[in-house]
Structures are given as C-alpha cells and as structure tokens.
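As structure tokens, here come the structures.
In what follows, chain A forms one complex with chain B and a second complex with chain C.
Then we have the complex of A and B:
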C-alpha cells in the first residue's frame, strides 16, 4: 500500500465523518482544521485510518499539525516500520 | 382568592413528548384517550441475548431531519429523542423570544446510554486500539447537555441530575426552583430516555422489579414493564401555559435498594402539599408512580390513605406507555397537564381487579382536575411529589 492509497482512505474517512463535505474535493495540501473538522473528528479520522490499514501504534507518535498528505506519508512510513 | 405564592408559582409554558406511540404531544394525547397496546418483545440491538428476551414498548425511529447527518452519526437514541422533544417544547413556549443567558436546562437521568455503551464495548472488545475518541466524551451524561445546548441557544446553565425513576420529576422541581429564584427566566426540564441494554433488563428482572405484563394496581401485577419515552417541559415566570407548579418535595428515605418506604412517601406528599399551601382535600387528582410492582403499588396505596387522599381520582400512566425510568416523571407530568387541559382522566390499562377497590380509579371519564398531585419514587431511597394547579381563566 503506497501513501496515495492511504491518502485515499483518509479522504474517504473524512467524507464519511463530515457528510457536508461530500461535494468538496480534498487534496493532499489540505489540513483537517481548514476543512472544518473539530478536534474529536480529526482524532477519529486518524484512528479509523489506522484501523483501515491495520496499524497499531501509540497515538502520540502521530501528534502535531500537518497536512493530509503529510499524515498519509507518515502513516506509510510507520507501516513499513 | 389565590395567594401571592400561587401567583408567583412557575408556569409550565411548553411541552414536548415522545412515547412508544410516536413523537409529539398530540400523539401522546391521542394515546391517553385511546390506549392501544404498544408492548411486545423488545427488538432493539442490545435488548436481547441468546434465548433471553424482554417485554417492553419501543419508540419508532426519530423523525427525519431532527439532527443533521454529521451530528446524527455521533448521537444515540437518547440524544435523538431528546432533540425531538426539546425542539417541540421550545417552539411551544416560544423560547426564541427569551435571551439565551436567561434559559437553563436540567436533564433528569443518569447512565441514560447504557445500551449504546454496551454495544460500543462489544464492537471494540477485540480492537481496543481503535476505540472511537467519541466515546471519550459520550460516556459522560453531560454529553446530552452538550448536544442540547449546541442545538438550541441555551446559555444560562445545563446539568444532569440523577434520581433513578424520580429523575424526570426531580428535573421539573429543579427547573421550577431556578425560575422561582430568578436565576433564569425560563428553564427546561428534560426527562431523558433511559436506554437500557439486556444487562440492565436482566438485572432488573433478577431483582424482581421487572415483570411480564404492565398492570399497575391490579391484583395480578408482577412488576413493571419498560417503555421508551422522553419529555421536555418549559418552566417560565409568565405567559400562557398548561398549569402552575404550586409546590414540590424531594426527600431521602434511607433505603439503598428498590424497597419502597411508606414513611418516605407520606413525608414527600405532606411536604409538597405544605410547600404548595394546599390541603390534602383540595387535591382532586393523583397521578401515581404506579409501576405494577407488587410491594410498590401496595405501599403507594397505603401512602395515599395515610396522607388523606382517598377522595381523589387516581390513575397510572405507566399502564399505557410502560415505565420510562429516568423519563417517567416528566412524561407523566405531561399526561397530567393534557388531562387537566382536556377535562378528562385516562383509564389505567389492565386494571381488572384493583388492589384497593374503594379508591376512585379513573376510567376515561370527563373530569376537570383543578389541583393535581404527581408522585415519582426512585431506587436509592428517593421520594418526590409535585403539586400542579390549573391556570386561572
């Protein structure tokens, strides 16, 4: 699974959590805050994505502001170990 | 002539309700007139385990559009129904005309989302790493405060209070106090839907509290039957409305478990009458706690005798809608107001051989109650009573 596939999982997850965004295209340079997700929703996107890619890591390793593309690349790197 | 105290007693200016018969006060009013049978084997996920099922009355799905999809996704049954009854009561009382900082919310009920919590535990039992962060705020009862105050401009205060099956009536007392003291201009009392899982149902059955058929005060009664419901009542200082909260009482009787207390019930009744400045003889209608519990019903009848209320007409709304636990007192108070407004008293369903044939069991007759007493008792030794007066016309 490459980081683009992970990015796609993240965007699908965002759309399922915030149905209002279903008509809004989401790109790698967006941040979830800019898209209007609140802190609980942002955390939920991260955890649901971890579950979807089967990655169990301490959440503290995923803290810090970053774009959706950055998050996809970080998860990709963690998954490769 | 009415006393100055009665003049200043808070008015119930708006109501909203949901029962197994459906959503809206008009549906509830119809059910009181023509009680059908809403009971059956409960089917909601988490309400049955293997070969164990429970009788009860379950609500239809909430009306579409009560919550936006984004909010609905993270809101359980209790929240959906709260939103429905709250919005109905809000419109009814025209609360848009009151400053948000002058509106309060008291939610009666604790552990109201037990079924939802159990389902969450089941789904994450084998994948705890991926537990939803939503659960981190949803397991608090205050999540319901947050939901309601995010949907409607309530900015005075909001809290939940626990009184087991007396929670709903206790919430009305607190809301009335908040208005009477001047803390807010309007205060909403919400009896929250108590969403039981099979765990609570089985424990209540083990306790001997939950029975097989809903027949309060009948000789064949064998316990209460659960019924999903919820209601919201708006307490205001003035305005048109359904009645006045003339007085109320809330006492601890010293029992830990489910045992009723004759002394406690009598004390609560007498204190509520004294608070209202009303004599027992002036009470013309009593809406009982009446669950169908063998000992509970006998004790309540004994309390009515001891408090000098045998002249009053009585009925048990739980016979029609089931026992809503945390919501019961609020929903049944709405039933009191509807009956006072319509000039009739609903029958007690399944009451064929009353435990006390000498009492005045209402039977769907026309009757204009002017001063009514509502009783609610809760596990943990909680006895509450509230006196409602008709508005002067």
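Then we have the complex of A and C:
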C-alpha cells in the first residue's frame, strides 16, 4: 500500500465522518482544521485510518503532520517500520 | 478493611458564562458545536481563588464530630498560589481543623485529584491511625491575565472548555458514598508536552497531541487495570463510567475508541452504551467546564446524583493529567450514596450562579490583572460586577478580601 492509497483512505474517512463535506474536493495539501474538523473529529479520522490500514501504534507517535498528504506519508513510513 | 469516600461536596463557583455565546463572540467556527457537549462554564470572580473554592467545597463536610478526626489535608491543584506554602495551610486554618495534621499540596495537572484520593485511601488502608480521616480537595480555576488580542488567540484552543470548580471528599474507613475496590487500579504514564502551565498566568498546549495522549492512556490504563483484576471487562464490570472531562465530546471519543477497539461494538450500540453509562457523569461538567484536578471526582458526583441508582453499582473511573499520568480504578456506589450527596444540593447551587454577559466576562479578564500570581498587596474590588456580588450575599460563602504582604485574607459573606 503506497501513500497515495492511504491518502485515499483518509479522504474517504473524512467524508464518512463529516457528510457535510461530501461535495468538497479534498487534496493532499489540505489540513483537517481548514476543512472544519474539530479535534475529536480529527482523531477519529486518524483512528479509523489506522484500523483500515491495519497499523497499531500509540497515537502520540502521529503528532506533527499539518496536511493530509503529510499524514499519509507518515502513516506509510510507520507501516513500513 | 474498607476505605473510600465518606462524604463529598462540589463547589461550582458564583458565576458562569454560556459557552456557545463565547464561541460566537470569539468568532470560532464550530459547525458541529453540539457534538462537543459543552453548555456553560464557571468563571472565577476576582475575589474567588483556589483556596476560597476549596473551602467552600469542604465546609459542609466538617461537622463537629468529624473535625477532631482529620489528620491529613491534601490539596490537589495546578492553580496553586505559592511555590512553597501549600494551600492546605490556609484551608486548615479557615476550616478550624486540628493542629496535629499533615498538610501538603500535590500537582500532576488534571490527574491531581485522583493522586490525592489514592494517597488518602492508602493512608486509611494502612491502618497506622485507626479512625483517622483525611480531607482531600481538588480545586482548580482557569484564570488568565489577557493583555492583548495575541494572548487571547494563544488561549483560544481551550478558552471555551476551561472552567473552575472544587470537589472536597472526606476519606475514611466508613465509605458510605464511594467504597474503593482495594488494589483494583491501572496506570499509564509517559513524558509528553501536550498541555502545560509554563508561566504563572498562562497555559499552552497542543489540542491534537493532548487528545492523542488521553486516548492512548485510556486504553493502556484500562489494560493495566485488567491485568491486575481478574475477569475485568470494560463492557460488563461497571454499571457506570466516570472520565476526566476536558469537554464531553472528548469523553465520547474515548469511550467510542475503547468500545470499538476492545469489542468491535457497532456505532448504534456504542451510542446507547454512552448514554446509559457515561452520560449521567457529564451533567455537572457541562455546567462548570473543565475543572482540571477536580474533574474525575466531579463526574463521580454527577453520576451519583443523576444516574438511575436502585441498587449498588460498580463505577469505573478514568483520570488523566497532561504531561502525563493516568489511572483507571473502580469502586462501588449505592442508593445511600445518593441520599447523602443530595443533602449537599449541588444542582441547586449551580442553578443559583450569576450569569455573566460577554461584556462582564471581558471586564473580568482585564480585572484579573489585580490578582496575578505573586501579588504582594491588593484590596479586592468586590463591586467589579455589582450584581454578581449581590448574588453572593448571605450565601455562607468564603471570598478573598485582601492580600497583605503576600498573605491572603478571606471573609465569609
């Protein structure tokens, strides 16, 4: 699974958590804050994405990324170990 | 030997602010505000400090029969007023407690109340002083001296949820409000820079990192509990759950995370379980905001007062303090717990708080300049909001009167 596939999972997850955004195109350079997700929703996206890609790590290891693309790359790197 | 909470009271302050009104005023775009489960927050008036909050919570617990048996006063706070002298020294004096007392203060962000409670319970369980009681008071207020727009911006992430409140508990071998399950606990702690108070009147933090640490701790502290307690099951062992509550939406997220991770529960079943077992513990927190060290005990009070309680119920409690340290522990509440707690009229006291308008609230933020940490001399202006002061009269409430040579003087109104 490459980081583009993970990006797609993140995007789908955001749309499932915030149906209001279903008509909003989401790109790698977007941040979840800019898209209007609150802190609880942002964590929910991260948790569901981890489940979807079968990765089990402490959430605090995922601090830092600003954009959704950065998050996808970090998850990809963590998954590769 | 049994041990736990013999008596409990909450002090939720003298004034509050509507949180939605605050968010609108600050221009915070929260399209799904209802999901955050925030309604009101207590705002400390300039003549209320962590000590007046603590004493107002504890005073109804100190009967003439109880007073001579108190041998320890633990103040749990992240809003202390002195780096050396503990708040317990003022509290002992103001409540006329015995001189043969251990007095100290402990700190670990919002975990402090649980740390204090466990210290007191283990003092009782140790049996070193049969019949002795300990007074534990978790007291925290969020008060920030905001000089300009930049500082308001820095505080923006937590201003809507930051509240104020104190919970006092009398710990003894007669735990008629909450009987601890001795030895049933689990911890998870690690160094993380999620939220802190790096200066006397400032708070800094990373909302995402704090939520990540809270969720990691919730899962790992429960797993440590389950390692110690044979047969522990998050779904079936506890009739009710009390979580540290920065705001209700965060608790809902943590409950959802655990139910999904441990049992793959469906969203509909998670919602039903949340409303049944967690909801009653959020009621008071939604009125006072995040009370930091007092928050987990506030959730316990809220559960006892608001849950359906026809028979004894085991309660699971999760406490988290940024930085970070956490604990999952448990105990039992009974219909008698409610009878005793209802004599404290907690809901009624919250109802009687003065509702601040936004201009009044903003005035208080500026007025706080008079009470910065380390203030040497000050005469408190009780008339800063005349209507709020009027509402305090004849309420048997302690207020701060003046500071003279760093020494705080209080009076009852």
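List of remarks:
Definition applied: the second predicted complex is superposed on the first by the 80 of 81 C-alpha atoms of A that agree within 3 Å, B and C clash if a C-alpha of one lies under 4 Å from a C-alpha of the other, contacts with A are read in each partner's own complex, and residues count from 1 in each chain.
Simple rule for what comes next: a residue touches a chain if its C-beta (ideal position, glycine included) is under 8 Å from a C-beta of that chain, and two chains touch if they have at least 3 such contacts.
Model, not experiment: these values are computed from the prediction.
In the superposition on chain A, A:81 contacts neither chain B nor chain C. Shared-chain residue A:17: touches chain B; no touch with chain C. By the document's definition of touching, of the two partners only chain C reaches A:60; chain B does not.
Of the two partner chains, chain B and chain C are each touched by A:47. With both structures placed on the common chain, the touch criterion links A:25 to neither chain B nor chain C. Shared-chain residue A:38: touches chain C; no touch with chain B.
Contact comparison for chain A: of chain B and chain C, C touches the greater number of residues. 18, 20, 40, 43-44, 47, 51 are the residues of chain A that lie in the contact sets of both chain B and chain C, per the superposition on chain A. Every residue of chain A that touches chain C in the complex is listed here, in rising order: 18, 20, 36, 38-44, 46-47, 51, 58-60, 62-63.
Contacts from chain A toward chain B in the complex involve residues 17-20, 40, 43-44, 47-48, 50-51, 56. Taken in their complex, chain C has these residues touching chain A: 29-32, 35-36, 190, 192, 206-209, 211-213, 215-216, 249-250, 252-253, 256-257, 260. Residues 68-70, 73, 127, 129-134, 136-137 of chain B are the ones touching chain A in the complex.
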